[in-house]
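Common to both upcoming complexes is chain A, partnered first by chain B, then by chain C.
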Partner chain A sequence: MKIERYDMIVVGAGPAGLSAAIEAAKRGIKPIVFDENQRPGGQLFKQIHKFFGSKEHKAKIRGFKIGEELLAEAEQYGVKVVLNATVIGLYPEKEVTVRIGDEVKHYKGDAVLVATGAAENMVNFKGWTLPGVIGAGAAQTMMNLHHIKPGNRVLMLGSGNVGLVVSFQLLQSGCEVVALADAAPRVGGYGVHAAKVSRCGVPFYLSHTIVEAEGTDHVTGVVIGQVGPDWKVIPGTEKHFDVDTICLAVGLSPMSQLLKQAGCKMADTKGGYVPVCDEDGATSVPGVYAAGDVSGIEEASSAMIEGRMSGATIAEYLGYITKEEKESRVNELEAQLDTLRQGMFAPKNRGKLVEKTEEGIDVSMNLLEKGYVAQDEIERYPGVTKSKGIHPVIECTQNIPCNPCQDACKMGCIMIGKNITSLPAVDSNHKCIGCGMCVASCSGQAIFLVEEDVEPGYGEVTMPYEFLPLPEVGDKGMAYGRDGREVCAAEVTKVRTSKAFDHTNLLTIKVPNEMLMTARFYKAK
Partner chain B sequence: MIDIQEKLKEIGPYVEAPDDYMLVCRCEEVTKGEIRKAVHEGFFTIEEIRRYLRSGMGLCQGQTCGKLVKGIVSRELKVAPTEVEPAVSRAPMRPMEMEILAEDGGVAHE
Partner chain C sequence: MNRIENHPILGETPSRNKVTFTYNGQVMEGYEGEPISVALKANGVMAHRYTAKKHEPRGIFCAIGRCTDCVMIVNDKPNVRTCITPLEAGMKVQTQYGVSAEKQD
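So, the complex of A and B:
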């Protein structure tokens, strides 16, 4: 039997696996990467939204672009990626069996990195096996990779970032999202993601779960109900919606079976069954490493950094770099990872209710319970200021590690400061020129430009707009509030697109002055 | 080691529930009731349940129902899900044709 030998074998060509292979290849290693899919990049190519973070985390770049950059880098450093290659076994001696075509091939690596990612969780309810009940990941695959609309009327279960981001993408693809439900009492994902879904008119039902999916051979409706403290549905609270699709975004579980088979010490945690790793991703089996979601669910930005840390660590393990070289690289990466793990959504805050921002401002409870910041709450945040002339209104109300808006403003109007999680503040000493760069650069689509008295009694609101068809100047429609309710008639006065905006269009509408702090979305009549 | 008799006494007899009919493992068509009943028959680990009912042994290899089965077993046993002993991981990690598996390492012998 033939066994091919490699210095480093990587399982999974997603953000973690590719980053590790690149980092190792830069040090002279020739790694081989196996992936069972037809395309490399893992989940990155499904991510059409702009990422959070700072420049070093590739903030405000869309996920699939980051994927393209990663593939180009992999090619540049000669990383060999084998696709349609399913790793079916990993043995303690670091022997890897891979199904490629109609063959099972054997490989041996001096170091093996497992970066297999995670699988979506499911929930059971009456009718959950009906066609039309799909995972949020499946919805993303259909929409963003294959350009197929998953359904016409959709109910989303799950208010974590996946549920929120996919709900918005469903709206972008032309689906109607009839409701977003979550058994938890509060929105789990970023408030800015919730707010952009909410202002499109999607009602949030927190403390609600699915009672049943209706239909005989496919989904024709759904019943949700309010859950009590015992997580059981309170009789009489049921609500019915006509839908053809039920989308589930109820968390992910690490796909760690290979690591278990290899004999790595495992831990059963709330976040899933994960290998016990040191901070550089080394498991209990010498030479076997893990990076990305397989070692604990986070997101692509941290998976890429973890991958690079493992790549550098493996380079040292195999003798390609010295301990000092490795440590200096790992320390640099660790600092990047630490920044991403700050703020209200930091791993240490999971499941906790954070009631005050770092600045000591009350967190919007309406945002957590209904998906939008209430009118009487919005003015307490430092990004929301009132002045006559054109100025940004930054509706960023939670401490998340993200700062592209500060870099975007060439005039110095927006301040976040050294602490990347601080709420952006508007400095009225610097004059806004209305360029709109901040609006387009905000990954959370939370920045608006507001100008009073453009003509007597009327002002303008400029908002980020990522829907097609794009409205035209002169179009008349309705303005909507943060809660998705109609507030007043509106006329489109400007539509700006630019390469620098990266597909976030700037839509300017004219509304009465008294609606300038209320109107946050526009729909044609 | 769990004392099976003691544990069975502690958890009491199997009581029918209205959602027992619900499919949990789609691939092998195993219902919630079957899993609950199996626990009361003394099958406490995921490995035992898999061998007894075939849950998680189908096309998706437990990717969909794994966590759900664990939850049902843990509730029946009145312990945290993390205390339920998981199944062993074996190759092949993904479903594949026996024909291909048989040719592993060379052409199959006629």
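So, the complex of A and C:
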């Protein structure tokens, strides 16, 4: 039997695996990366939204662009990626078996990094196996990779970031999202993601779950019902929707089977079955490492940093760099990772109800329970100010690690400060010139420009707009509130697109002055 | 039509080679290289297979080759994951009943 040897074998060419291979290749290692898919990049190429974080986390860059950058970097450093190659075993002495075509090949690595990611969870209900019931990841794959609508009328189950982001992407693809349901009593994902779905008119049903998928050969409808404190559906609360697709976004589980097989010490945690590892990814088996979602579900941004940490650690393990070199690199990366793990959605806050922001402001309960900030809540936040001239209104109401808006404003109107999770505040001492860079830079699409009295009795609201067809100047339609309800007639007065906005168009509508703090979306008649 | 021709972020869908294949003997069109399941979806096919014991329909579920709900008989070979198998001109795609191309009682 022929065994090929490598210094470093990486399982999975997603954000974590590629980052690790790049980091190691920079130190002179020639790693080999196996991936079962036809294309590298993992799930990054399905992520079409702008990422959160700061510059060092590639904030405000769309996921698939980050994927392209990562592939270019991998090529630059000569990282060898073998595709259509399924790793089927990881044995003692770091022997790896890989199925390529109809053959099983044997490899041996001095170090093996497992970066296999995660798989979507399921949930059972009557009819859940019917064609038309799909994972949220499947929806993303179909629409963002293969240019096909997953369905025409969709119900989304799950209000975590995946459910929220995919709901928005479904709308962008031209699908109708009839409702977003979650058995939990409160929205699980970022409030800004919920808000952008809400204002498009998608109703949120928290404390609701699916009772039944209807249909005989495929989905033709769905029934949801309200759950009581015992998580059982309360009789009489059932609601029916005509849908052809039910999308499940009910969490992810680490795909850690290979690590268990390798004999790594494992732990059954709330976040799934994961290897016990050090911060740098070292498992209990010397030379076997784990990075990314396989070691605990987070997001692509943290997976990339974890991958780089593992890459540097492996370089030291194999003797390519000194302990000091490794430590300085790992410390630098750890600081970046630490920043991403701050704020209301930090791993330590999972499942907890945070009632006050870091600034001591009450968190919007309406946002958590209905998906949008209520009119009487919005003015308590430091980004929401009133003044005569054009100015930004920043509806960012939760402490999340993100700050591109501060850098985007060349006039210094927006302040976040040193603490990346602080709510952005508008400094009225600096004059807004209405350039709209902040509107386009906000990954949460939570910034609007507002100007009173553009003409007698009427003002203008500028909003981020990522849909087709793009409205034209002079178009007349309706303005919608944060809750997705029609509020008044509106006329399009400006449509701006620019390379710098990266496909986030700036749509300006004219509405009565008294609607300037209410109108947050526009639809043509 | 459920094909996305133009997308607000991804732009216009690149043009691809149109090919024909058969689905249970019926001639259908799809694009070369796209997953078989996508071509079927564009043609309105939802049920890919029926289970062996209860004869229940199954279709696309995960779309990334993990769940095996979408397997069909392709070029006379059963259990082909249609969500990750690229479409080729002239492919013979059949509904899978259990592991057979014949409907069972």
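Simple rule for what comes next: the second predicted complex is superposed on the first by the 525 of 525 C-alpha atoms of A that agree within 3 Å, B and C clash if a C-alpha of one lies under 4 Å from a C-alpha of the other, contacts with A are read in each partner's own complex, and residues count from 1 in each chain.
In the analysis below, contacts are C-beta pairs under 8 Å (C-beta built on N, C-alpha and C of every residue); 3 or more make two chains touch, one makes a residue touch a chain.
Keep in mind the model is a prediction, meaning the values are calculated, not measured.
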With both complexes superposed on chain A, which partner does A:447 reach: first (chain B), second (chain C), both or neither?
neither
A:89 in the overlay: touching chain B, chain C, both, or neither? Say first, second, both or neither.
first
For A:48, select first, second, both or neither according to whether it touches chain B, chain C, the two together, or no partner.
second
Scan A:269 for contacts with chain B and chain C and give back first, second, both or neither.
first
Which partner does A:129 reach: the first (chain B), the second (chain C), both, or neither?
both
With the two structures laid over each other on chain A, which partner does A:36 touch: chain B (first), chain C (second), both, or neither?
both
After the superposition on A, what does A:405 contact: first (chain B), second (chain C), both or neither?
neither
Touch test for A:315: chain B only (first), chain C only (second), both, or neither?
neither
Can A:425 be said to touch chain B (first), chain C (second), both, or neither?
neither
Can you give me the overlap between the chain B contact set and the chain C contact set on chain A?
36, 119, 129
Using the touch definition up top, name the residues of chain A that touch chain C in the complex.
36-38, 48, 62, 119-120, 129-135, 137-138, 141-144, 146-149, 151-152, 172-174, 217-218, 466-468, 470, 503
For the complex, which residues does chain A have touching chain B?
1, 36, 86-91, 97, 99, 102-104, 106, 119, 121-126, 128-129, 253, 255, 257-258, 260-261, 266, 268-270, 273
Complex contact set, residues of chain C against chain A:
2-10, 13, 34-35, 38, 41-42, 46-48, 56-66, 69, 83-84, 86
Write out the stretch or stretches of chain B touching chain A in their complex.
19, 22-24, 26, 32, 63-68, 81-83, 86, 88-94, 96, 99-101, 103-106
